[in-house]
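The same chain A turns up in both complexes below, where it pairs with chain B and then with chain C.
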Partner chain A sequence: MSTTAAFIAYSVLTLVTLGAALAAVSLRNIVHCGLSLALAFVGVAGFYILLGAEFVGFIQLLVYVGAVAVLIMFVILLTRPDGDPQPFTFDRLRRALPGLGIALAVFLVITISIRTSESLRAGAPDDAGVSIEALGHKLVTSHLLPLQITGVLLTAALIGAVLFAMKEDNN
Partner chain B sequence: MQLEASHINSHATAPPGRLPPAVAIAIAGIVLTGAGALLNLKAPGILLPAAWEALQNPSEAPLLLKGGLLDYLEQGWISSPFFLELASIQITIATLLSLFGILFALTSLVERKVLARIQNRYGPNRVGPCGLFQPIADGIKMLIKEDIVPRGADKTVHLLAPVVMVVPALLVLAILPYGPGLTPVELSVGILFFFALGATTEVAVFMAGWGSNNKYSLLGAMRAIAQMISYELPLILTALAVVMMAGSLSPVAIVEAQGGYSMGFIPDWFALTPWGIAAFILFFIAALAEANRSPFDLPEGESELVAGHLTEYSGFKYATFFLAEYIGLFAICGLAVTLFLGGWHAPLPVLEFIPGYIWFFLKLFALVLAAIWIRGTVPRIRTDHLMYFAWKFMIPAGFVIILAAAAWHYSGAGWLGWIIATPIVLLPYLILARGLSNRYATSGRTYRFSEG
Partner chain C sequence: MLTLEFFLIISAALFSLGFAAVLTRRNVIMILIGIELMLSSANLNFIAFWRFGPDPDALTGVLFVLFSIAVAAAEAAVGLALIILIYRHFKSTNTFNFSLLNG
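Then we have the complex of A and B:
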């Protein structure tokens, strides 16, 4: 991709992602917020793809847009059947201040840890894209234990969900 | 000159049923290029040899025609390489959109005709010879119908839902290998791209259901989303078996892995292996559910939910949903052809003179016909049965297929593979089918009549 095209794509993605993220926290209707969040997830996937990490980008799309965003919608509809829009006001700014402070602190920690990270100083690797074969080999050789623990955890979560959903009376 | 002009004219006059505006713009672009070619004296010298070459070499024809068109554009119109690349992309997109638009119009007619045949009726036979112009009439009807938006609807979400629905359906067409060298975008993670974009349609269905502010719409959307999430798993599991065997997520590499013939005449397609045939059947069933086709079309079950998430849509928005659903069916059938039926490869060595893209579309159309056939013969299933089937049969069967594929691979993919892999597929199938059918045995139907 030429530099101009990459720049245009980057600008559009930035605008879309930031706009959608802002909309997700400021819109009045909570379902609109959820949909904006889904759009922000799409934008992040676009960044991954733009950076050459196609695998991560499409997994982001599959998991975050296809599953997490839809799950958020389900939760919204199941917990708020009326779905009445909540007013977004600044009259409780004093209450909002601790939240803002925490958000700022988290953001600062992330920024500092990224700025001081080793991998940032190492520069870009010669091989731009990581092949899926390499990823898979790493996953089942050096990272086998975390993979299996994640699998056990997810299975436990699945069984737990089934137990919750099961009917109690069995007659 | 004559040949090229008539080719362009046929594009312009074959009215392609219900097409989105993008296709109309693309076709207008082709017509304009044709008109420009008529006025430009350089055109015959470049376009005619390309067309002649394409006629002589049909297996390379699409690439040769595109090359000729690009040569012409380079000499007559566009000098910047950036815009030339853009034009090259545009030509591919326009060809794909018009091709699938025409296929959509054709399929909507074929479906009605075949269903009518199954149900002992005539089907559409008033518009044109044998009802051939029915898709055009349908398209015009859809275009001129009033677009009704319910007063309580969320207008933005209601409007955006068909758009969000149709975009991924069209985008996934980009990674399918239509023939040797005829893959619009050769993506190394193409299969993943397909499923990732397929997952985003769930958001569109939710938008349609919630934005309509109608309980039938919302219930239908919830059902549709639950169904799509459930059937995505067997779809991905069966595709995973193929990815394991081909050792790649690239559709082109998967098709190439299925080239060649064993014993001189049996094609090496994945569907002709013990695990592959089981995977293909599972994949096709899950694909029908994913495309909301009968017998899994209960999100639109009209007897209980009016039309599900489509209840409050009319006119062109409804047509857009309809288009997205059919393009989605074509795409997933195309993926089934790529994964299991050898993509562009000919079924017999003697038939290899027929170009690969013709084989691809023949196989695609055969699968679409099978889907129509199933729609005409199988009744719609109940929503709880649908979930039981997905989670208790399809997903375990998907895992078994992965196991069988591994056994097939490590036993040398020959007669020993057949002996080992066949029981691995068949035994769990029998156990699952027996076990589940006993648990949900049908009892005799009790009829209750009104007394009095």
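Then we have the complex of A and C:
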């Protein structure tokens, strides 16, 4: 990909991802928040693909957009919020100010430390793509144990989620 | 030309947005959305450092993100099940109403 095309893709992805993430955390209607979150996940998947990790990008689309965002939408629709979304007031903004200030401070500290470190200015070494064959080979040789543990973890999470959400009929 | 810091700053912005949601929103689902955004930003950092690192053929960052996505999916499933359970008990998703452990 040429430098200009990569830069245009980067700019568009930045706009989509950060705009959707901002909408996801700030909108008053929680259904809109869930949908914006799905769009933010699509933007992050675009960043993965732009960075040359196509497989992870598609996994992100499959797992986050296809499963996690849909699961969050299900829970939003299953639980009813307490009344209608409240209108924006300056009193609510004032109560949120300390949290917003801390988040802004975190962002500034990270950004300043990124901007002041020389070693992060280097470009990419070369057009290194990830071959799915090499990835699969590594998964079943050097990373076999984490793969198995992930399987056990997912099974445990599945059973735990079902147990939690099951109807309490013994009292 | 795109360098590593471009992606790190995007990731920092995503993290801060998620952090702000966790700190300011009063709905547990919104807090979970913030946590998911922070997890995504960490994954983006892994991929960026893998791409611009000295040895992209080692695939370390990609493998880590694959496992991280699996763990995040498990976390979301259990977290949402807990929210359903809490909602059934308190009939609310607002953290102001969960004051049972408040001293």
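Heads up, the rule we're going with is that the second predicted complex is superposed on the first by the 114 of 171 C-alpha atoms of A that agree within 3 Å, B and C clash if a C-alpha of one lies under 4 Å from a C-alpha of the other, contacts with A are read in each partner's own complex, and residues count from 1 in each chain.
Simple rule for what comes next: contacts are C-beta pairs under 8 Å (C-beta built on N, C-alpha and C of every residue); 3 or more make two chains touch, one makes a residue touch a chain.
Keep in mind the model is a prediction, meaning the values are calculated, not measured.
Using the contact criterion defined above for the overlaid structures, shared-chain residue A:Ala67 touches chain B and also reaches chain C.
Between chain B and chain C, the partner in contact with more residues of chain A is C. Once the two complexes are overlaid on the shared chain, A:Ile59 sits against chain B and chain C alike. When the shared chain is aligned, chain C comes close enough to touch A:Thr17, but chain B does not.
Contacts of A:Leu35 after superposition on the shared chain: chain B is touched, whereas chain C is not. In the superposed pair of complexes, A:Phe47 makes contact with chain C only, with no contact to chain B. Residues 55, 59, 67, 74 of chain A lie in contact with chain B in one complex and with chain C in the other.
Every residue of chain A that touches chain B in the complex is listed here, in rising order: 2, 4-5, 29, 31-32, 35, 38, 42, 45, 54-55, 58-59, 61-62, 65-67, 69-70, 73-74, 77, 131-133. Put simply, chain C touches chain A in their complex at residues 1-10, 12-21, 23-25, 27, 29-30, 32-34, 36-37, 40, 43-44, 47-48, 50-52, 54, 56-57, 59, 61-63, 65-67, 69-78, 80-85, 87-88, 92-94, 97.
Residue ranges on chain B touching chain A, taken from their complex, read 82, 154, 157, 187-189, 192-193, 195-200, 202-203, 206-207, 210, 218, 222, 225, 229, 232, 247, 249. On chain A, the positions that touch chain C within their shared complex are 3, 6-7, 10, 14, 17-18, 21-22, 24-25, 30, 33-34, 37, 40-41, 44, 47-48, 51-53, 55-56, 59-60, 63-64, 67-68, 71-72, 74-76, 78-79, 81-82, 96, 98-100, 102-104, 106-107, 110-111, 114-115, 120-125, 128, 130, 134-135, 138-139, 143, 146, 150, 153-154, 156-158, 160-162, 164-165, 168.
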